[in-house]
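Got some structures for you, see below.
Same chain, two partners: chain A is paired with chain B first, then with chain C.
On to the complex of A and B.
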């Protein structure tokens, strides 16, 4: 090959890379567009659900107030109060204006979602930010750990599909997967937490401690986190195990695997580079799909383990009929789910070149 | 149709339905003739397991077994009504989305994907906050309204692939209109698949209902398995020693899920290859 031809080959390879990079960029851009659109639509749906459902939050709020004070206001006083509150919360305007104001404040006003009804004038945003680390921490850690363990285990039992142990693992995972996450949580709380007293099963950390950077506090935090995360992990991990096993078995039937074996590659190389890698891609997509459903479970787990996360905040706000706070929690959780899904989707082309072309 | 998991699952489910329907009158007549085991204050509360009360009595002075057997049917009803609602909605939307082409198709796909990723529990709770008096039907319908996106998501590609088969082209050429094509050509081969999705929706709805009960935001007055579990947890019946009042309803839920899961696995095994071969064979 002459130097000239080599240079040409190099140039066309660079061009190919450029084109590929452009494709990836376009895919990312399109995906981001869908993300923004979905986010907008979700905010809109949440906004209107709140306002179109019968029952005026103000009336409920005043009813609560009257009950708390143990006296009934006369109609005139009540109306004045309602008008006053409506003005504070920007509810005296027609619905379309409210909607525009809401969007404007949320986007341009630095996520200003209005003050809390109950803890007025605290911003709902601050309430949410204070609780968010708990939810995100429990949720992402347990889902990622479940994914890693489940994918590894699933690959293994798929690879060894004929062994007796692997069949037993399938039965156990099926049983665990169909068990609702809150029943697992209840079981862990009752048995591990209270009956056998192995691990703490309530609250974020031991009651006598203050949040600080000491070993005592951090270890207390971690031991309190084990059971909530375990409940999430058992159920989600079992699902991932079964999913990965099925993927693995279908990949194992492919011709290129027979060929790889015929080439004399070691079983480990075949497993690692041929079977596992190809089964992994749909498994990452599965991660993106279950994020939303798993957040539901995490909310319930927070409530059961008395962790101060978003789920608990929501339940408390609901008890007090604090609609602004409830709405803020809904919006932030939608935002979190959409963003996590986006991250997984954007990471996909790195794993699988085919996605770049087909997406 | 001789698929063992469908048969075992159906028998398990049928047994549960029999217990749900025949259980309450049987327990009432056989174990407590002339008494009112399901009434509050009939007995001393929190009695331990005994011959008269096999799983003890609950905090309201009712017989635990009676409470358990009469909780099963409402739970199943919620699952069936909510599952049917989301299946019907999802099938209609999935068919519209799958049958449409071009921009409408893209738009519907985005819409379905969008609703699919929205976490439903907070929205559900939000609605729950507005409803003062829950009844079984209201709760079921609302649960159903939140479950359709999953159904639509899986039905749409099935419709799309069917739509491209040549027997559908033939139907178009022979002058059938869109409705005829949907109901006569596309729907029948998908019925088994819809059955599969329906059963998944039942599981999803029962799961959601019990979850709502357990965090204390469900339909408080409804005697469901989830409510019994939540009540047992709040009254810490396990610490008292009334393990059955918690394990029985939890076990019943898992049992129903297992039965439906078996039916599903079977349906998937049997109908998926058949779906492909009959359609391709009809080409």
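On to the complex of A and C.
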């Protein structure tokens, strides 16, 4: 090759890299647009759907007030109170205006989602931020752990598909996967928590403790987190195991696997670079899908284990028809799920060169 | 001179619920050093099973039932392929024995760059990274591909290029024997022709021996020195390309040659009937259900593969001495 030709080859290689970088950037940009749109659509649906739930929050509020004070107000007084509350909660205007105001305040007012009914006059935003760490902590940790364990286990039993132990593992995972998460949670609470008394099965930490940076508090926090996370992990992990096993088995039938073995590669290299690496790509997508589908399971777990997360908050808010809080919980859940999905989607091109072109 | 690869009594089948169904039965075949031997036959006649058995790449439910395969290398080393433990087999693969698989379109891992897929084996066989890279580049040049292809992913290459990459990978360690299973099937005729020419050139340059499995008589005619015609899991006839194309002995070979379109307005004559599947191979000569020259003993007795002079072997009762003397 002449020096000239070499230089040209170098230039075209650099151009190729530039093109690739541009494509990755465009992919990310497009993906981010979809993210924003989904977020908006979800907020809108949440806004209208909760207002379709029967029951006027004002009546419930007044009823509670009357019970607390032990006296009935006359009609005129009630009218005045309702008007006052409606104004506070921005419910005195027609629905379309409420919607526009809600969006305007949420976006331009720095996430001003109005006051909560549940803990009036606390701002909904503050309420959600206070509860969110519990949900995020339990949910993210358990889903990620379930994914890691399930992927590893699934890869292994897929690779050893013909062994007896693998077949047994498939039966067990299938049974666990179809068990509803609340049954698993109840089982753990009853047996591990109360009958055998191995681990605490209720509350976020021991009753006599205060949140502080001491070893006693942290260890109490962690032991209380084991059972809720385990409930989530068992069910989700079993699903991930079965999914990964199926992916491995289909990859094992691919021509490139036969070729890899024919090349004289060690079984470990074949497993790692040819089977596992390829089966991992759809498994990462599965993580993104499962993330959205399992958040509600976490809400149930929070209620069962009496954890002060978004799930328990949502149940409280539901009872009061607290639109502001319900919307905020939905908004933050969707935000969390979409963000995780976005991260996963943006990670895909790193794993699969084909996505960089076609997505 | 002893054969490079000596296959004796090779029988392989499919493991069913109760019994094993024989797919390849009692195959004897000698592959001579330096030759290109074509194995032709219809779909389902067991040629790919034979190739996989030679590479010891049979996967359940495929099972190897009996037989022996001896690989005799020029340096005097001899390997009994069927007795070799996995670890030794891995050492042998690629260094001595390579494989160009059927379905080459999907034989490259879609998520790894070509460089990784060519060099990983070389590195595991003890070469340094630089040496592995140098050899891969040299191998790519053998099949007229540019070295910068190493940076590509398989989906960025055309079918012909992928096939060439696979051939390059297969010859990168200068193996003594290359088993190529239907290597041109998915390609257009122009590319097919070029690739066969490249393969023949590689044989001349590396002194490799090539066993080429195909259903395409054209491929055999273009590249092979000798041909083994397979029918229903057995070798029907073995001979030189010229011998088999000019004067085929076995009625099945005659039928195959007769079904090739020719110049001059000859009518193409196909074989009547269909090839039997392994689940209902006929007793006696497996071809007797379709054979125009069938005699009584064909239905009862399995014909042996016997030498017929000029290096031709045929498994047909018609050429057995006592039948010939009766006629």
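By our rule, the second predicted complex is superposed on the first by the 348 of 359 C-alpha atoms of A that agree within 3 Å, B and C clash if a C-alpha of one lies under 4 Å from a C-alpha of the other, contacts with A are read in each partner's own complex, and residues count from 1 in each chain.
Operating definition for what follows: contacts are C-beta pairs under 8 Å (C-beta built on N, C-alpha and C of every residue); 3 or more make two chains touch, one makes a residue touch a chain.
Note that the structure is predicted; figures quoted are calculated from it, not measured.
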item: Joint occupancy of chain A by chain B and chain C, clash or fit; value: fit
item: Winner by number of chain A residues touched, once chain B and chain C are compared; value: B
item: Which superposed partner A:186 touches (first chain B, second chain C, both, neither); value: first
item: Which superposed partner A:281 touches (first chain B, second chain C, both, neither); value: second
item: Partner chain in contact with A:273 - chain B first, chain C second, else both or neither; value: second
item: Which of chain B and chain C A:162 touches, first, second, both or neither; value: second
item: Partner chain in contact with A:221 - chain B first, chain C second, else both or neither; value: neither
item: Which superposed partner A:258 touches (first chain B, second chain C, both, neither); value: second
item: Cα-centre angle that chain B and chain C span when viewed from chain A, reported as a multiple of 10 degrees; value: 80
item: Smallest distance from any CA atom of chain C to any CA atom of chain B, in Å, after fitting; value: 16
item: Residue numbers on chain C that touch chain A, as the complex places them; value: 55, 57, 59-60, 89-95, 98-99, 101-112, 116, 120-121, 124-125, 148, 151, 153, 155, 166, 169
item: List of chain A residues in touch with chain C within their complex; value: 9, 13, 162, 254-256, 258-266, 269, 273-274, 277-278, 281, 351-354, 357
item: Residues on chain B engaged by chain A in the complex (per definition of touch); value: 110, 113-114, 116-123, 125-130, 132, 203, 207-208, 210-211, 214-217, 229, 233, 236, 238-239, 246, 250, 253-254, 257-258, 261
item: List of chain A residues in touch with chain B within their complex; value: 34, 37-38, 41-42, 45-46, 49-50, 53-55, 174-175, 178-180, 182-183, 186-187, 190, 194-195, 289, 291-293, 295-297, 299-300, 303-304, 311, 314-315, 318, 321, 323, 326-327, 329-330, 333-334, 337-338, 341
